[in-house]
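Multiple structures follow.
In the two assemblies presented below, chain A is common to both, partnered first by chain B and then by chain C.
What follows is the complex of A and B.
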């Protein structure tokens, strides 16, 4: 084994023994925890620190608060040790050492400020700049480029190089990632990311020496749902965002912390705006949710925020066409209809991208009017009683502890690509087994497909299938139920069986709850948490005469029913409406979203709504006044307090509450009936790039769909 | 406990239990739910019985009646019998 490989292995094992499989925890660990038999003392620039055995010199430096420049090293990727920028001096070592790849030894004396180190880094920088073009003024990475920043410190003010610079042909990686390969410094972060994290073996290095090139060898697009992350990883401007190209400079942008709603994970994002325009979306690090990654849909569907927007209130005129109107007229019109309709004939449907604030406002208003038929879009059949029956109970980080995973009716790669990263890690690093009843898809790691019929599932739930023994034998078995299963008419029958199986086979035992539901949109869990479900008196016996759609695209409305659509995009839902009340998209309102594990997080408004549109809960607050049932809250704080009154976990933002498992009581009252065997299990996401009204409107997502279809054709 | 104990439940639009997963004060609520959730649902399958847990939350029961009227009783420190009594009081005292 080479020295590098030894160092890599040693440091990985040291992390594992000390911090378990969750490598992220290591940064939180304080070096002051010594004396501990598992730590070693080292000196960094004269300061003694205690670090875990087997970690790298670079890690020791970070613990001592000393910054070490680097290009190839990234704490989420394996160690490459090829950029040589992190050279430091170690006493008694004849040469400077690459700190990212060198394990610490007890008593090591590390120096980072000596002339030797300075000279070594300046040398490395000079070599890197030999072939790096001087195009910073027109480079999209300018202003946030690691090479640019470090060349201010270690770069020379003049070149000793007189030959022509090397030029490399650009690679075509698809509609999302723009390449300028001449700028590449061969750090291989993108190669390691695609291979290790995304699990696609597309990228690599061809050629050697001066001829080395990073690329896909055979020209093809990066077939990953996470490809946009290579843009963040690239320390230079070789890989940049194609949709963002030449639209803004990084220093003009204002970043706002927000939450992604395009899948159920609630990935933490930063929305970069210039004026009243979203310029790009990038991830924020949150080890417990999305680590440092976001899916391509979360990152690139923002162009839809400027297309097909509903920006003024509209009313369908006598000629059957939607006509502009004033807020006052529209609200008055809707209020009159609400008052004139008998409460039992009113329906309210909450779309899958809604924030909890607007949903509670709608629910409270409907309840005050005497109407109780409120349903979340597509989830009319789901019981909201017990949180553990619709949440991801093992938590997202818990996935990495699992040693057996049974997927039921879900394809995590398309439904939640960032979660799939953790599943992949559980399989590749943790040795977990993944089996699937449902779509037979390439998950980017080995998995066994058991079938896609209810018969297969029933065989497992009744304990007759061969995998039952394996589930029973596992320490931390996990069942992941896809949201499509919840949308089935027979979902309760199936869930009753799955719940019973979880108790039977030890999927839920002691502190471990391995029953998980993976939701596919940002607003669904919030709707269930606040109880946006039909009340006791709700029934379908009285046909609907008024349907209030809060951003819902697909809802049942009999012909002749009066339809109110409150939302941000003119699509399927709005086209049916008699009145349109323009609302705000998720980047334009401060709202609470609950992710699939039950974590309530707040997205801050990065800009105002477009045109005359308003924040959604404010529209409902105003409408309630018109309808004569004023809601008892006037500020965002007051709505949030109401949310906490409905469900106390809303008061604990960013935290996950352990859920109560009802030991089989959840579905005990359901009568045992036969599941519908004619419908096979499938994923809720057929085309990853187009799942909701925003991504369906996005031109970038349309291009991705086309490129993916061409590749598969 | 029989279904009959909760016959009035149909007059209630929605029940919401707040409780802590581990605290002593919520123990009665937890015990009540574990033993009687089934009976509640059997008495009125269409009534949502929302069980909302949060660490450190005070045991509470909200009942929502028609026209959005809500009533709340504290369940902190009560045993399962006491919780049942509170629930029956709420169910039987439907505001006109």
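What follows is the complex of A and C.
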């Protein structure tokens, strides 16, 4: 291995050590923990620090709390060493060294404040600015531009360059990423991201010297579900957000920490608002969940928050048309219906994007009314008795430890693109094998498609398939079950077999639980965690007369049933409703969401609901009052306390509680039957850009769908 | 520059070229006079105008045109395939991409001097890499051409030693003789005049290199012609055009010896000389033989 490769590997190891998931104990390994045989002492600006062997000089500087300017270096990407901004002085070295690529040596004396370093950085900055346009006032990166910030420190106040600046043609990368390539400083972060992280090798540097350009050479849009991340990675304004273009300046925005609900990962996001308007959504770093990435759907579907909103209560009049009404009338009307309907004929359905607070309020109210037929949208058949049966038990970070992954009825690339990054890493860096029973899709890394029928799965679960030996031989085998499988009528039959296989083939062993369910929406796990499933007394014998849809779009409602729709977008669900109670979207309410691994996280409201809409649990609290069954909580804290009462892990936010594996007891009562062989396995996500009511309303997502279809045509 | 003016200028140049019909006996239609760049492409024209300062030729992005677009396919000729295999055999299977530059070169020879998108895609297929990795290499190196070339690519060395010895005049003479500007192709498609950086022939400066694409991969040659004057440079090109094989290498001396004969090391060396190893070996052998004989005599 070359010295650079060693440094890269060591840097990554060190990074894992410090920020990795199981880092709690290791985190103690800091400057004080010396003398450790695996660390080396170095001096940074006179301060001695001990860093792991083989890490880079830049890493050592960071450990010492010394900031080193950089453009091309990014801790999630391979080291390029081409921007030269991170030059530091190392004693006895004849020239300044690029700290991002230089491994530390014991006793190195690193200086970052000397005249030599200052001169070197000023020189690099002067070269970078030679061809960089002076268009900061009209550049969307302005205010959060690394080049702008660093030129304040190292830039000269005048230019010595008297020739023309070069101009580079803009590239067309699709409806999400806007390019102004003249601004590009060739750090190659976007090239490395698309190659290493997203796994779509479309971008590169063409040409050389003054003619070098970052681009795709042929006209090609960035066919990745993660393309928006290059916007964050770009240190200058070469790649910016197309939907956000010219809509706001970064300093006008107020950021609120929130949680993404468009897939089951619960990616940490920051919602940037100006007044009562979401201007953009960017990721927050959370090493254990989304690292630093979010999917394009999470980032760009926000424009739908201003379209087709339900902003006032409505009631279907005698003419069959929905008419505006007052909250008082609407609530009273619904309450009367609730009281008048026999409890067994009431159905409550919770949508995919619901927060746990609203669902517990609905469930509590239903139970108080004597009704117990509550179901999460599309998951009527799922048992919520044992958490380990519906969670991603290996945890998201555990994916990187896996050495064998069997996908069942799922395409992680579209269902959870950010998880797919980890799977890709497990394959490319960890050498894991991925096989799939289900959709035959390009996952952006090598995988083997075994088939898409239940017969193939049954061959595996009965131990007859050739892959069984490989699963048995693996140290950390992993099974990922897609959420579409849970929606099948025969899901329990299949899950019983899969559970038995997990025990048989050692997918669950010791402290490794490789059975995983990948959910595709933000609200599903929360619903299952609070037991938003049909109670023991619930039966389908009495036909539904009243259906209460809490943001659910698809639900069974017999003709003549009274339908209440409480939600934020006027779509499929609302069109069927007799009464519409306008609720809040996920950016407009403080709510708790549980991700697919069972991690409860709170999204803080970044703005108020639109028009007369209200936070969902408040609507239900008011409705319960009207219905004569008042709920015993009046503040968000109290609802949250109620959640923790029902499911204790709600009290431990941002943590994953270990689940108990029942060794096959989960489906013991289920009779062994043959699954429905006529239905092949498929992914729950057919069009990545449009999966829920928000993304289906989004114009940006529609453009993406069109572009993708055009590309595939 | 407005497009109309650009077009007018390109046409003027074409007419100019037509006026020098003497160059090539072939009939020269104005349409044939299209230079390497497409005049209807504003950017291409701009590139052509600044080309005198650019070493690598052409644009760094691909645009679909009828003769080179993403729907086309291309493969190596059957006769070239053994060469492809031989190149691939040089590298371990997990470092297949090391064969990229030799394969691009081979493909360029097969395709009369230039690479198309389909060719780069095919090589990406062969090497099992993403196409962009091939595009990156093909655009980086100035010896890979991505636009149609003349059958003979004449590259004038423009680096300091050659320049001091008169490469500018050679360039001018060739421009005049061919009737084109640097980086352009003659109307008949026989010559492309180019410039190259130092080709390591400074001792015989000034020099030109000529890549001959007339005879496919088998007959491909890449020859240096050294110690030129404007007149001899034109002569070399005339001979090439006539299908003759002008003398390769220096035009006025054997190799790189001084032109006016040896000025140093003219007599026998005066010593000191190194030991004569053969003599030493003979002495040692003789001594050993004598000792053996003496030992044998003693035994008797």
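To be clear about the criterion, the second predicted complex is superposed on the first by the 684 of 713 C-alpha atoms of A that agree within 3 Å, B and C clash if a C-alpha of one lies under 4 Å from a C-alpha of the other, contacts with A are read in each partner's own complex, and residues count from 1 in each chain.
In this section, a contact is a pair of C-beta atoms (placed from the backbone, for glycine too) under 8 Å apart; a residue touches a chain by one contact, two chains touch by 3 or more.
Note that the coordinates shown come from a computational prediction; the quantities given were computed from them, not determined experimentally.
Visitor: So, does A:175 touch the first partner chain B, the second partner chain C, both, or neither?
Guide: It touches nothing on chain B or chain C.
Visitor: Touching A:52, do we find chain B (first), chain C (second), both, or neither?
Guide: Neither partner.
Visitor: After the superposition on A, what does A:538 contact: first (chain B), second (chain C), both or neither?
Guide: first
Visitor: Which chain, chain B or chain C, is in touch with more residues of chain A?
Guide: Between chain B and chain C, B touches the greater number of residues in chain A.
Visitor: Should A:313 be classified as contacting the first partner (chain B), the second (chain C), both, or neither?
Guide: neither
Visitor: On chain A, which stretch or stretches are contacted by chain B in one complex as well as by chain C in the other?
Guide: The overlap between the chain B and chain C interfaces on chain A is empty, containing no residue.
Visitor: Sort out for me which residues of chain C touch chain A in the complex.
Guide: It comes out as residues 43, 54, 56, 60-64, 70, 117, 129-133, 135-136, 139-142.
Visitor: List the residues on chain A that touch chain B in their complex, please.
Guide: Contact set of chain A toward chain B: 364, 367-370, 372, 383-387, 529, 531, 533-539, 629, 645-649, 651-652, 657-660, 662-663, 665-666, 668-669.
Visitor: Quick check on the complex: what are the chain A residues that touch chain C?
Guide: Residues of chain A touching chain C: 169, 171, 195, 201-208, 211-213, 215-219.
Visitor: For a test of understanding, state which residues of chain B touch chain A in their complex under the given definition.
Guide: Per the touch definition, chain B meets chain A at residues 9-14, 16, 18-19, 21, 30, 33-34, 37-38, 41-42, 44-55, 57, 62, 64, 66-68.
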